[in-house]
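A, B and C label the chains in the order they appear, each numbered from 1.
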């Protein structure tokens, strides 16, 4: 029995149960319900919130929740034989990550030694898992569930430190988290991917691609992310007109981004055709890039310019940059998170510097915005590299090259009807079935 | 022409139209709009609600609505050739059931001889259909639409009686309906399944299984149920901090449940692999099990312990108990509702007894909680057995054994592209196409 | 290289980018954030709204947003080889259309020379795209992205003129837009389809049909439209009890419609089977038909009667009328929008005339309601015919007959696994792969 099989059999369930039990103990010690009594509670956003009814943000929370579990989960189902892992492991990591994130973020903002769970804290807990899910995209198909649980713990812990520095210490603006979630998650994941470089996959892998219906499943993820991104960027904005502004900016940035992503996809592809990879991803870059500025007075047309540019950068990145990263830098970025979250996240950070410099937001300085971007990238690259080294340790059950991008190494996969019927006639599916 | 074909041709449309016309007549007699004037209106929850704006609960309603129509509907699409029936008949039963449920529940709470429709009544109407959809899971693939419409009428009527006894007479707590919806729906369905036992399917059926993409469709259902379960458990809770508590408890119970479901699935499966059946279902058991206690002061860690336990029980049930029920008791539970709704529902009821005994909720006594659980199980088993006997009558067009789990008996099913192309070469698909 | 390939290569990206840049310039000149200061702002609904918190309608907006992007997009994925275009071009047209719609609608209601973007304006912008997406259904599979962008500009412009006439000048009621969106969009699209008549497709096309899983993807669209239609019909109703009334009427109309659609489908089909085309579409006709009356005192049973009738008309239309339109009138209506939006939209308009005549709504007269219906149909037919003629111009890259209903003309389509494996044995897929 190969090592990675043994690993799943024993290491995965033991690790999962131990982590959950530790988490429950920490919850028993530290976590209580929100009681509605005023207290200093800070958030990703550094604005002072007026007193709110406890359930006011709940619809926003549910939109974010859908993005995390349906959006990220299905976006990654584009691979032909990795859909179970995409949506299933996404669920696993996010379910654990939100518990861990609530603790890690909560420890910075205790109230009489307790973390009081409000809807806003649940939104922030969901947000913290987004970093992991972005990084997951970079290493999709090449990592075991055990490795990914390790990454979840480390990444969310490091994220919470950087978030605290950016928001509380630097006092920077990042309401839609272009820097502290998107750029952070992307470069963290890319650093991990670099550490886990697989020379044998230099020329691709037969399962590293889509089939017709897997691309349609992925569009479920894309469209949900696209629709609810205004909620992501505005959920923790100051209530009222500022929150509306964050919604409006994101709505129009995304709309403009669709046009540029489609135009550039057609322009760079063979015979002017559209490429599903671009449509699934680059149409979302406008949501990422407008994040930092979402609650600033950039006006709708300013948001649209950011979206237009993000769609162009992202599509060009998929076409020309991703192959270079893989061949020259040894960074095999399965989902192209560099193009969807990395570069648009940096664009968002830069736009934020400019917007603050131009006085589009009260509070914060351009210097602090720049420091926030640098901090996010620094923590991501260093944290990701260290995490990648830890994940490379030989006992986490990393899948062998030939089993990458294949659910059947970690899942019971049903045999296809046609396969059954054809198996008598010709046996060329047998290598797929004999996995593990 | 076989009997079940004749049945669909005449009996189904006639029954559907007659039921709808009777329903419209009853609506004309009894149902009016909510007018905002105060009146005694009781709900699943026995707490007194403060006066609300009429649309306040609407986002919660829509979350529940998505659970009923997308969640339950797609969860059952896991079968390889039964997706049309799963999502289509789910829509049919729920669309009829919500009308019938509004009447059956409303008759207990008339206001000047009228049922006034509010958003809360719509939530409760949707809830009442959930019992039917749970039972549908137990008999999925083995019943005709006509049989299922009969089941819908009877089950919702019996549900409404038990609900009235539990909430109004016993004064028991069951805000998330672990007992009156989940345990009730599961054991009702199991009793029906027992009555409809098919010895010929003892050794399985070739269509009683999934294919790769049908499992992904099912995950759409799973994830939507998982995400919106906090709304299910809190929709009719007392507004404000109590409702927040129900959200928080469910959120964390579900998160903990994911970890234990994954861990146990890997532990009990061949070579440590994960089983999609477990992931699709057992990850939701935490939502079921925390239902009764959702609005009680069990603290987040208490909710997590319930979720952890529910995930374990549910996964173990799928692995070991379902086969025993089928082989020893003659209960062929297609979707394993005993594991997702039955045992976790009882766990929820028991947790409620303990929590009330420990003083975690004002109002109610442990004895009344226990009586509520017993009442729900009693009505379910007796009501389900009688309903099953009625459904067994020979003129409802029950499908023959060989046509079970196959859409083509009730639906025009498109011929697959490959089939067309291959049909010249070899004719072994012909039996599928010649159905009915 | 054929003309339509050249077209995509150059014309599509240039057109898309130019349109977006023009739109951004117009936004820079005219569009600002809502500032909360009172101003005259009119809507599809002519009622006077009380002052609202700026984000109150946001959950309603998101429901409508899901209908536009998931609902319409996935509803059209039923075609076996046209899913990328269905959901992808739907995203493109709606993303551009919402920007254009905001301008076209906003120009009628400027405030100091500016269009102030509120959530209500975003809902109306989304609404305006619905007309295009309905018309898209009539010409699905037979038009190029360039043609469809042209249609988007023209149709939304004409829609905005008719909307202004109906709501502001005639003072007619159409809260759920049976007339100004559904009937308008359908007959506009049918007029376009007539202009683009393809005699060579008289006997069908091998790709103009579904496969099993494409029908399931389409059900995602159906169920989302069905669930959120109460939001569509009530989003811009007067807040409070009137909005609740619109929700309740739509909820029950849709429920009744499901029963009649299923019944009639079974009644008219071979051996009493259900037809997925009917279920995917006719179950929604109740939402269309109750639109105009949604906020009127028609009582729940009145709404149900409208829904019941709409389900019958729609199903019968699919079965008997669509073939006649195609063979006798040269109108090839791919998705059957005449049955889902056309006839039910007219039914809605007629029901509105009757309801206003019966005094079920304060404000408006039956004459004005009739004039509104006539205006909507007139603008649709004339506008659609002119638009169709423009779309027929030879330089928009309309696809040749044999490439209709096939994504591979505009998209990079992954080669299927089976195809690869079987290609050695027999080469009969080669014609599909060599497209364009």
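Miscellaneous remarks
Following the convention adopted for this analysis, contacts are C-beta pairs under 8 Å (C-beta built on N, C-alpha and C of every residue); 3 or more make two chains touch, one makes a residue touch a chain.
Being a predicted model, the structure only gives us computed values, none of them experimental.
In a homomeric contact, the two copies may use the same or different surfaces; for chain A and chain B, under half of the interface residue numbers are shared, pointing to different surfaces. Between chain B and chain C the CA-based rotation angle works out to 120°, given as a multiple of 5.
Here the spacing of chain A and chain B, counted between their Cα centres, is 33 Å. The multi-chain contact residues of chain B, meaning those touching 2 or more other chains, are 59, 213, 220, 418. Touching chain B in their complex are the following residues of chain A: 1, 5-10, 12-14, 16-17, 19-21, 23-25, 27-28, 31-36, 53-55, 58-59, 62, 65-66, 69-70, 73-74, 77, 81, 83-84, 87-88, 91-92, 95-96, 98-99, 117-119, 122, 145, 213, 217, 220, 410-414, 416-418, 421, 425, 436.
On the chain A side of its complex with chain C, the touching residues are 59-60, 63, 80, 209-213, 215-216, 219-220, 223-224, 226-228, 231, 239-241, 243-245, 247-248, 251-252, 254-256, 258-260, 262-264, 266-267, 269-276, 279, 283, 297, 299-301, 304-305, 308, 418, 426, 428-429.
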